């Protein structure tokens, strides 16, 4: 993050330090988003609590969540999220090519028809939200998504319209590790 | 909300019922966003916790927060947020005309130069986030905003890029009361 | 109007004074557009003669005309027309919520299917006129509009693409009264 | 005009017939806009009265008016106005190349600095009217335009945002003669 | 060309001089694109070799190629190509009106249904290439185009997205002769 | 390439086979663009001759050329070029992060001021070519680029506006190898 100071780990409240330690242990390095959001602890807590709700209480597969995130971040042109969630999309989908496809143009991604529909609506909600109408929900139902899954598609898309903007405003930079993860 | 069912109040978890009761007492009616987000309690909690962090731990005046929200919702064309936060903007700024100005075109709003700068950046981050650069932060500093206030401007803007999309996706409708509040 | 001087009423040609007196009597106040357009009497005459032709010799209901105006002004982001014609839309449609819906996103407005079609075409002619084709007229016919009504939809839309731009260029400001009219 | 019937000349009200006869005598042929607008006589009268006010009571040279019209019609992609007013621009400016430059990209037109400024603002008011601000009027003043001329630039621009849309909606087609006029 | 020097004919490599002499003999004047591209002989050779491949080895009629070029140049707003290829479109299609239609809005052009489809895809590939999908090729097949013709439509469109940009960047100006050619 | 057949290597003209063998030897695999363009040998020859002119006779460093290509392909959303030229950008610039930055948003790339200016103009010429003016060339001169280098920046940008469109139209897919090349 080049535009706000990253606080010293030692000076952080205990709950932030614990969360960061957990993430560091899991990933093998501290994803920069945790260091960056620690600039304001109340926002750190709110941001990751929302993120956790999206991935822990969901009718979607984690692979689907990461696909939405990378497609949305691709059209929003968010460097941090393209790269960090690109790595997660490669890992969760076990597909080394998927993230580069989603970043470039989700229409080129090798995904099934239901996932294509899911990404169509996620990108529409990102780029042209005024045009989302009942028909779009009907299309998602026809593709096999439950009511809760449809809500979750919107919720993930909406959250990353927040997340992309925070990352872009603060100029958050992905860890070097993310660029190569999941490409083997 | 026309596109997802609104759960019965009696069936909600206790913490949601308490929050809704508090809000109802404060406003004199239950703002529809609370009933709507209760469709998924984990998201209700995350959504309002983030909202509370933004308004409770901030370097901005509440009036400034509502100005940002209405300007952002205006360019995103969100009916719910234009009307509900339009009412709050009228009340907190004690100005019956401000919200209609911000909804139409924030450049027509009768605001001081610092607030104009604040809204310029909030709308830029909403519409053209790729183009936000260090210069924009410098402009905000020159207008008198502290580092924390600058972060908060981005955070409010980003959150309502989430909020607008959830409201538009679910077709949330503002309470009738909001249309007229603060116009006297 | 902040960008051109508003002439003194006493100095205006007699036909302008008469028109302004009539309007003032009808509304209970002088709508600012009359004072503003009086800057150039030949344009005042042409502007209101065109407006009168649109509302006096028409196959549309007045309520339909005001719906088109507010939807068009909403996408053009015209503060004056949103507010002044928003009041007229509320009054003619006898609906206190309609104008705020149309200003935000006409797709959220509680209107019947024929009116939705009418607004779809009016907004298309405003935003993407190159794409209007014979099919669009066929769609209007199928929705029950006569040939003359179809012409009139285009004529009202076109005139407010003029009117919005004059109001925005001169920074015309709606009378305070318009903000609240028709909301009871 | 392919989308509405053109009424028989003999069936028109006398004032329309007189106007059409005058125009035919002047041009050597009847410009199609007159036949087309005669579809609805009340609109014919309003349209040409407005047009006459713009060209008869103006602080601009006729050549400047036609330059604005062709630049505006170029960005709006109006076939009728590009061609019919392209001919007028060639004739009034006595320049066989000017109209093709203005239709393609007004920035390529061989015009003086004041006219370039005039066209910058006319195109801005056409494409991005929300962004027009006091600074734009100041720029026009600095380029030597009087207050009335500035109003007139806006008025001509606004009227052709009406006119382009009527011509495009009705699919008005320019007379063959206009394509070649003024090219020698 | 106003932004780079045009080299003296006498100083050019022999192959360029021969090509320019051939073109001059054919047209009766030297089209400015040849003088302009001679600024860098290696690019001159590559540019015209590509152009020649497109018009000499093709499943399209020359008239179709020029229609695509003018429609693409119209939406890209390229003064040089609008005018120079407008002349060629008039000549090859033997239609004095076609080029002005295509420059303004290809949807107004008097062309058959297959050519309309061809232009729809050419303009889509120009303006919204991310959205081109297999369905678009299917639409072209249904309109009667062979596989090679479909490839050629894309190739011509793509080349003029190059050509328009070179002409616009260097500010190439069409010869006066092109404006009037083929209008009789 | 999913939308046109890839011809058998054995059936290709000898000059194409030789070029493909050379490229295969150099890269260790046959970049798919060569197999794809072989669909039409005359276009293969023209395409690679133009490409060769751009990289062999140039005032730019190869690293600069690849930076322009990836920035242009990023805003055009071309999967093939993002990935294949992303690999080349990493290799020529000896920077494993550069391509992901350029694909996402060239403004986030760690490049010097002259290269930032170069990319600003390349992206402007790609997205808003009508707005390129003499001032942009002056800005490049001030950044230290020679006249020939400025021409070359435009030429590379223009060629990849061709190349991106051919790749997107034909749905060319990058070789798996490109995704990981140069990331170590």
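Couple of notes before you dig in:
As written, the chains take the letters A, B, C, D, E and F, and residue 1 is the first residue of each chain.
Going forward, a residue touches a chain if its C-beta (ideal position, glycine included) is under 8 Å from a C-beta of that chain, and two chains touch if they have at least 3 such contacts.
This one's a predicted model, so the numbers in the text were calculated from it and none came from an experiment.
The chains touching chain B as well as chain D are C, F. Any chain bridging chain A and chain F, meaning touching each of them, is among B, E; the list is complete.
When chain B is fitted to chain E on its Cα atoms, the angle of the rotation, on a 0 to 180 scale and to the nearest 5, is 180 degrees. Judged by shared residue numbers over all numbers used at their interface, chain B and chain C contact each other through mostly the same positions, with over half in common.
One inter-chain figure worth recording: chain A and chain B are separated by 22 Å, centre to centre, where each centre is the mean of the chain's CA atoms.
If you average the CA atoms of chain D and of chain E, the two centres end up 29 Å from each other. Centroids of chain A and chain C (each the mean of its C-alpha atoms) stand 43 Å apart.
Looking at chain B, one finds that residues 77-78, 105, 130, 168, 171 touch two or more other chains. Pairs of chains in mutual contact: A-B, A-C, A-E, A-F, B-C, B-D, B-F, C-D, C-E, D-E, D-F, E-F. Of all residues in chain B, only 130-131, 133 touch chain F in the complex they form. On the side of chain A, the complex with chain B involves touching residues 2-5, 39-40, 42-43, 45-47, 49-50, 52-54, 56-57, 76-78, 125-126, 129-130, 132, 134, 137, 147-148, 151, 154-155, 157-159, 161-166, 168-171.
Residues 74, 77-79, 82-83, 96-97, 100-101, 103-105, 108, 168, 171, 173-174, 176, 179-180, 183-184 of chain F are the ones that touch chain A when the two sit in their complex. Interface of chain E with chain C (complex): residues 105, 107.
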